[in-house]
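Both complexes shown next keep subunit A, but they swap its partner, so subunit B is in the first and subunit C is in the second.
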Partner chain A sequence: MQRTYLGELMKAKWSLLQGFITTMEISAIVIVIGLIAGMIGGLLLVYGPKPVRLLMRLYVDVLRGIPVLVLILFSYYGLALLGVNISAYTAGVVALAGFCSAHMSETFRGAIDSIPVGQTEAAKAIGLTFQQRFIYVLLPQAARRIVPPAINTAVEMVKGTTLLSIIGVLDVLLATQQTIARNYMVIEFYATAMLFYFVLNFTLSRMGAYFERRFGFIRY
Partner chain B sequence: MSANPAASATSESAEPARNLLVARDVHKSFGQTEVLKGIDLTVTEGEVVALIGASGSGKTTFLRCINLLEEFEQGSITVDGDPVGYTDRGGSRRRLSEGRLAAQRARIGMVFQSFNLFPHMTAAQNVMLGLVKVKGMAKAEARSLADHWLARVGLADRADHHPYQLSGGQQQRVAIARAVAMDPRLILFDEVTSALDPELVSEVLGVMKDLAKSGMTMLVVSHEMLFVRDVATHVVFLDSGRIVEEGEPHAVFKNPKSDRLRAFLGRFTDIIGDITAR
Partner chain C sequence: MTYNFNFSVIWRQFDVMLWGLGLGLLLAVISLAIGTVIGLVCGYAFRTNNKTLRGLVWGYVEFIRNEPLLLLIFFVYFGLPAIGIRFFDKYESFVITLSIYAGAYLTEVFRAGLTSVPERYVEAAKAIGLKPWQTQLYVVLPLTFRIVLPSLSNNLISLFKDTSLATAIAIPELTFTARQINANTYRVMEAWLTASLLYLATCYLIAIALRQIEKRYSVIK
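Entry: the complex of A and B
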């Protein structure tokens, strides 16, 4: 009996689809958490009282300095040893989200810091509160500087989800490997996985480029 | 003869001028360096007070204290009867909450040397932001008020331009419109023409002159001595964090009493030789 790529793809479709969903889901959760935590983290890095600032700085620098895989393994095995029992999926999300948040915090901090102090002062002078200054004056200007590195981080996170296959999270990579183990069509199915990751990340990059153009007019 | 002279005195001047700004013994240090060494200043309604002095004398710092952009350690500043920045309950001096500070700042306008327009907003949006978010005005109403003030500063046709599409002089006029539209009790101007090309200075000074005529209370830091002489009702000379001399501009320029002021004015004689002569 002749194996065809399409025939094998149909056989593996549910398992691969499950992998796609898991990869997309984890990527989305991690990026959204990273953006929200990064915004808060960035604000704390800039405006927090000194002890908070120092703690955040420690968090950001430590997490950015550890390989993601080590974080993932620590989160999965280390937490289990400490008596915290979480699934591979949760452990993976925690590790990636922690890593993503650290990078995003630094991105937000840099973007907020790069806005001339006169912007905050002019916003204060018309009576805007801290919250209003951030939402209407700082964030729109910071956006242009946040988007390119944030997209980079997002792309790295999508790639990083493949590391979760090591602790047994059934993502695109693990589903692909399981498929290959059955049909030995190594090239075809790794190529399929590559295409998936490429399309996903290329879309992210294009979105980034669009936003960058959109905010490109902001000059001082 | 009136039996009650005090009563007749008040009836003659129907409404005595209000003190819009009262600064009392304001001290401010940056680290070990005392930059303001006890400033006393009163600005009454409708007055245009010019603050002059050498670089580093503390003019900017004083303006920033009034608008709560800078904290000061001692003394008090009252704007239209409201002590700004601090409460003094139970003998301990405390910085007001962020919300209170914001509300106080909304009543004090400020125009900066570097314009500081919001670059992601059009001229009209720059003016509208405070009206909508701080004063709670409806967008349409804010827009028509913005259009009104932009027209007043000669920029009716630039309302939908972004700052980068405007010249420095135009940007500064938008910044003035943004401050005035909030209907502040008092507007602070900090060397608002210093960053402008010489040919653009007069259009901004013109707008300020117009504002002064309309009765706006203004505290103006400026090195434009002709403007000070012609527009200010009162001039204050600051030297090393102290007010050394003050009075009516022509008088002060003609007969400076202190050596410091004489030396300071001497620097301007090249440009405005007639300043003390008149």
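Entry: the complex of A and C
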């Protein structure tokens, strides 16, 4: 019987769908954790007391200097030593989220730092407290500068989720490889996976480019 | 929960790890070199008036930048031989993949670099009677390289980190050796701590060295 691409695709659809859900789920978790941790981290990098600032700097620089794959493998094999029965999924999410947080912290720091001191001085001059200065003056300006690089990092994270297939998390890539192992339609199914990642990441990148143009008028 | 560190296993195989590190660096440098050529050619292609050519380059850049590197590595290594495109070995396959990947990022770099060469230099070159190709070779290109030097060094560092993915097709670079030590001796912490520190140290050394070169060659504004 002749194998057809569509026939094989129908056979593999549940496994691929499972992979799709896993990839989307991990990406979403990692990006959300990264955004929240990055905001806190960025604030600490700029306004934290000196020891905290140094510790954060160390964290950010160390995590950005180690390949994500090493972080993932480290957390996969290393965390198993500490906590019993940690799944590949959890270990992978921990590593990716840690990496994403480091990147986002740096992005937030850059955005806060790029706002001219004059803004803070003016806010101080009219008697705003630190909280008010941050919420009403700095955050609205920083937010516009954060969106494009944050979306870039998000794309990198979606790309990074494929590395979890190496430790056995059933994402789109691993589901694709399992399908290929069954039917040997190498080109067709790798192309399908490529199309999936392209559509997802291209949409994100275009959004980033849109916001970059939209907020491009801000010059100091 | 106690863990007794025992680094003696690592020292015994430290040379293997260092060779792996060197291999990763070598792969990164070769890929950067080929990627630079791709980036330059595509950067120039972007400046022509040929819309089809520009569209093709745009498609290449957007496609590659939005694909996960690991998927590209698998596609080239397992996929392309299935339709008759064979490579000499896994090293060649990996270098080709990483070069194409780097090329997409470097196209953006060189496109920006070429446009940021001030117009007055080109006019001056014309005024002293240089032919168009001489203008490019002796004036525009050297300036472009000096302008994009920081981006090139950043790319080298991220390419070096990307060589860790070569593990997936069993190229014995640093991550692969760490994984082997981990599997053979079960000295989990030692293996990964050493690998992490080696990566970190190398990235920093490259960064520091390249900052010096950048300082030396940066264009004075």
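Methods note: the second predicted complex is superposed on the first by the 216 of 220 C-alpha atoms of A that agree within 3 Å, B and C clash if a C-alpha of one lies under 4 Å from a C-alpha of the other, contacts with A are read in each partner's own complex, and residues count from 1 in each chain.
In the analysis below, a contact is a pair of C-beta atoms (placed from the backbone, for glycine too) under 8 Å apart; a residue touches a chain by one contact, two chains touch by 3 or more.
Small disclaimer: the values here were computed from a predicted structure and weren't measured.
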Room on subunit A for both subunit B and subunit C (clash or fit): fit
Touching partner for A:124 - first (subunit B), second (subunit C), both, neither: first
Partner chain in contact with A:82 - subunit B first, subunit C second, else both or neither: second
Contacts of A:174 with subunit B and subunit C, given as first, second, both or neither: neither
Which partner, subunit B or subunit C, touches more subunit A residues: C
Partner chain(s) touched by A:137 [first = subunit B, second = subunit C, both, neither]: first
Subunit B versus subunit C as contact partner of A:67, first or second or both or neither: second
Which of subunit B and subunit C A:102 touches, first, second, both or neither: neither
Which superposed partner A:166 touches (first subunit B, second subunit C, both, neither): second
After fitting on chain A: smallest Cα gap, subunit B-subunit C, Å: 25
Touching both subunit C and subunit B, counted on subunit A across the two superposed complexes: none
Residue ranges of subunit C touching subunit A (in the complex, touch as defined): 1, 3, 62-63, 65-71, 74-75, 78-79, 82-83, 161-162, 164-165, 167-168, 175, 178-179, 182, 188-189, 192, 195-196, 199-200, 203-204
Subunit A contact footprint on subunit B (complex, rising order): 67-69, 98-99, 101-103, 105-110, 112, 114, 116-120, 129-130, 133-134, 162, 164, 175, 178-179, 182
For the subunit A and subunit C complex, residues of the former touching the latter: 62, 65-71, 73-74, 77-78, 80-82, 155, 158-163, 165-166, 173, 177, 180, 184, 186-187, 190-191, 193-194, 197-198, 201-202, 205
Residues on subunit A engaged by subunit B in the complex (per definition of touch): 116, 118-119, 121-130, 132, 136-137, 140-141, 215, 217-220
